[in-house]
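Look for chain A in each of the two complexes below; its partner is chain B in the first and chain C in the second.
Showing the complex of A and B:
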């Protein structure tokens, strides 16, 4: 209880609340502008969090992301352009409602479901993380090796249609992680004599490049027609929501559960949670024929799921240091910078900081109810700001952000190289998330692999010598077999249909 | 710019071979089989395998997917120039910021990009000046990031 009060005081500090308020405005704005994603918002935010104490830094990220994921619904409903990928699953549905003159209903449902989902995710996080941490305290390098493998494998299997391309992306990430002084012998690898690369590829410029610069490049490369203006006037979005919420309470609960679970899985974040929740909603609905015509049911499921997924992704990030999605991959970098090294021990060394993070989730999601309402009212003004003005400004902030971490222009070079790389990869169907996870987890994977090999005296069976390690190992191998099994099933079905 | 899978495939194969060749220059750790070269080599093997698979799948779709499909921006010379402008702007900052200083570099980059993206000259100027002042104030004065003064160095000091 004492720790809880300490954590509460950490959050209720006027400075922290002020930071959270500014972060909320930033998140709502970025989320509502198509082409600017929640991950980009996080990447742009880190240079600022770099200069803050741990609690305001983390609270700022939590708030920004929660706001951005909801705000992505606004242009989705009004213009049929999702503001962030997490709103893409039900964007057509929401727009169909708008065309019927039900924009208020679509946005109101989205907002309230986002708040409920966010709170559900926060509950799952605050219950699951501490109990998992107690369990994780017994883990040795064997278990951590398998956990890192599991995280990376899930990222490849879940996040993409082409497993080969996902794997390439992962390997690129792992390769980037090997640059610099290695963990076994202290030998500088792949730095070609460059002193600034000795410490490795600086993480934050890399993230800004991969998520923000690549997005600017994508904007410039697209034939940019200005956004159409939303026509509807939007009044009170909360009107008439009561019956909808009580009618679809099962959907909302289910969406929250799906979101939290998908969020916990490494490599799958809010966007995948929304797609899965929407598909489940359609499959189990009593009126599946109404889906796609402006039916509010799928919105309730998926709108809850994406916000619930955000908090879920923090569970493996805090307990094991394994990110649940791209956003928490960035967060892990920030945690290390702030000396809150993720892992079960953080619950013993700095419990008040962790509980402050949990409280930040509740505060941010409850504040979303009011701030989201304001954002909807102001959506016409926000969408009027031309992106041709925004993009150069964003690029300038990227440059300064990448510079500010080590105060050298080498950060800008890293940002440029990885930004172009990420742009080319995405254009050709190579997902970015596995590469990010590779960069974050590469060092941990290699370190645990090498120390395990030394402990086991080079015997690979040693990786299965402890019960939890063996279970995790078998689990990883099953995940590896999933693409093979689905390939074989496809071949078999093709053979049957030709025969 | 979309590429047939065979193109990144070939590139990955070449990269993996070069990377694995380079790891042979790493020193061995005395009395141990596991050295700094093990992990990069495993990554190289993985990339090599994926490269081969991509080449195979790319050659299979060669009829439908040409080796290189240029995007809309490449056919329109204005858009093509704008696309190149983003990496060029970053390169310009990397090379020139130390000498010119942050304020001048930022003004040049913002003004050029805004104007080229189709913003009117007056608005471009206003936005460029405003953004530069805000960044200079927030990063240099509040967050104490030593943004380079460059040509202004003698004036400020």
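Showing the complex of A and C:
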């Protein structure tokens, strides 16, 4: 208790709170600009944190990231440009709601779920960090391979049109993920001697291109006068949220749990958590047909999951110095710089500092409730701009974002090429969400498959040789077989009834 | 006094005017922000040290130094970006040991000779890490086990043909075993390799000791040896490979700051002087020692010689280990 009070005083210091406030504004700004990710925001903070004490330094990072992940929802909902990759899973859903005049509801749900998710993640972090880390460290490439397979199964669930077209879209995404130097053999593939392509198709420009540029193209190409965006006022974003929250309380709890668990696993972060939560939401929903048409249910799941995943990623980072995602990879560096070397000993040597970090998570997420509200109010101006003025501005932001991720014009090329590809796909009824998922998971799937095969000397049974891997593997296979079995039963019944 | 002040100021103005006349286009370097390219991802050791240097160079040169991660392609992309940028001192970068490896592997034509060397600042020898519950207590135990069952025990720690792969393959080669007697499981870096080690996926990781420090401290990993001539200051308990097994094989990663080839001499002199100050600064030394990064300093021709020596020995080792094309 004494340590807890010490930690509380460390956070409630006016200087620390001031730093957190500035970090919050910075995070909201960076998150709302497409192409600037939470990871980049953290990297940009490092020079500033160097001159701070450990607690304000870490609190600044915690706050920035929490704000950035939520702020990514704003351009996603209003303009169909996810501000950060973590918003990509439900970007279409939120945009469909905006087109129906429900931007207020979409953003309000996103905000409140982000806060709940963030607080849930913080609770998990502060209560179960050591034991969860113990679980996460048992994962080797076999387990990650099955996890990636499970993630890919989501593609079939989230695709809004026919399953076959969703599958084709997924394969396109997986193909794009194979471009560049193959991590396993170090051999360049499909790069035609181009040095830039050796690095592969960067995910951020790909995402911006497939969502935003295709939307701009559709506007340009449509011959009839487009329907004006329904008049809407974003007044009190919290109005009408009560019923939504109570109806989807199970979804929110489940999203938080999925986010925390996926976040704890090294190498799978907030963006993958959001995809999985969204797919689980649709699969278990009573109204799966409404998904993709602007249905708030998936938002509740995925919006909670991505913020919950943030705190989860800190678990292996603090306990073992193994980064849970790219943000905590940077955090580990800061921890070392501040003399809080990660490892179990940090709980013994500097308990008040670690508890201060946990408290910072709670404070940051509560501040998000207020600051996020202000950010939504300010962003509504975007909807008042006529489309013919807005569209070129969107394109400009896309170009800036695609350039900024690697500071290379090549990013802009990738964005434009994939934008055209996504436009052609959507015009022909192919959903793009599975393709994006393929790009996200393709590398992880392939790398873990090949590593596992090397480890098992080419023996497929290796995938079932470890307890967790075997459990996951059997589960994945059952998930895959269920549609086949139900199809066969239907055929069988049909055959019986006609006979 | 007042009079003197005036004349001094006048003289200063006259000098400034003269400077403007004699070199109208060549104002004092640097007059605008500098970009520092880091060829590896945010969060790794190269990124951490690069950002630290960028920060301190900024104070030294009086212009913002923007650190940019140009990742991918096993380091080819970032190293190419540094080498092919304009040699005006406004784009510099961190070059790493891989510059002497990538061309042997047939990934690029680039070598250390394509840069203007500024300063070498870091040097981290490879280690030999096993799980805490591993039956191997010494490096010799490990070698004996690999010899008894070639192909059975797997190693990891970086991508295929990366520096730590070479560390393990080269050691086995030196011990008279096949370089692939402990097959390599490529990982996306030391962190994911260590995750594989602790989860039981592989048996040995040959990354640097500093990269394994957290798990070492947590008691999940044991370091059997360090592949250097002397033990490390920050980890005096880890014996050298030579001491343990008699093998004289050493292997290490290094990092240095370099600019594109053809950098004007005055710019090079200014950058080198700034880097020397940065290296010797209290902040940099505290940071490097705090994390356990190895310190070394070589500038100009010494750094160039370091790169070509490194290139040569890496090439020989890669050929012996079958990693060269």
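In this text, the second predicted complex is superposed on the first by the 275 of 499 C-alpha atoms of A that agree within 3 Å, B and C clash if a C-alpha of one lies under 4 Å from a C-alpha of the other, contacts with A are read in each partner's own complex, and residues count from 1 in each chain.
Rule of thumb we're sticking to: a residue touches a chain if its C-beta (ideal position, glycine included) is under 8 Å from a C-beta of that chain, and two chains touch if they have at least 3 such contacts.
These numbers come from a predicted model, not from an experiment.
In the superposed pair of complexes, A:497 makes contact with neither chain B nor chain C.
Residue contacts after overlaying the shared chain place A:406 against chain C, while chain B stays out of touching range.
Of the two partner chains placed around the shared chain by superposition, chain C is the only one that A:336 touches, whereas chain B remains out of contact.
Looking at the shared chain after the overlay, A:184 reaches both chain B and chain C. When the two structures are aligned on the shared chain, A:446 is found in touch with chain B, with no touch to chain C. Of the two partner chains, chain B is the only one that A:167 touches; chain C does not reach it.
By the touch criterion defined above, A:195 reaches chain C but does not reach chain B.
Shared-chain residue A:246: touches no atom of chain B or chain C. Of the two partner chains placed by the overlay, neither chain B nor chain C lies in contact with A:381.
On chain A, the patch touched by chain B and the patch touched by chain C overlap at residues 47, 184-185, 407, 450, 454.
Across the complex, chain A is touched by residues 1-3, 5, 8, 12, 19, 22-23, 26-27, 29, 32-36, 38-40, 43, 46-47, 50, 53-54, 57, 71-73, 76, 79, 82-83, 85-87, 89-91, 93-94, 97-98, 102, 106, 109-110, 113-114, 117-119, 123, 127, 131-132, 135, 139, 143-147 of chain B. Interface residues of chain A facing chain C in the complex, by the touch rule stated above, are 39-40, 42-43, 46-47, 50, 137-143, 180-181, 183-186, 188, 195-196, 198-200, 202, 266-267, 319-323, 326, 328-330, 332-333, 336-337, 339, 341-345, 406-408, 447, 450-451, 454-455, 457, 466.
Interface residues of chain C, counted against chain A in their complex, comprise 35, 41-44, 47-48, 51-52, 54-55, 58, 67-74, 76-77, 80-81, 105, 107-108, 151, 154, 159-162, 183-188, 191-192, 194-196, 198-202, 213-215, 217-220, 283, 287, 290-291.
Interface of chain A with chain B (complex): residues 47-48, 51, 164-165, 167-168, 171-172, 174-175, 178, 182, 184-185, 187, 189-190, 213, 216-217, 220-223, 386, 388-389, 391-393, 395-397, 399-400, 403-404, 407, 409, 412-413, 415-416, 419-420, 424, 427-428, 430, 446, 449-450, 453-454, 458.
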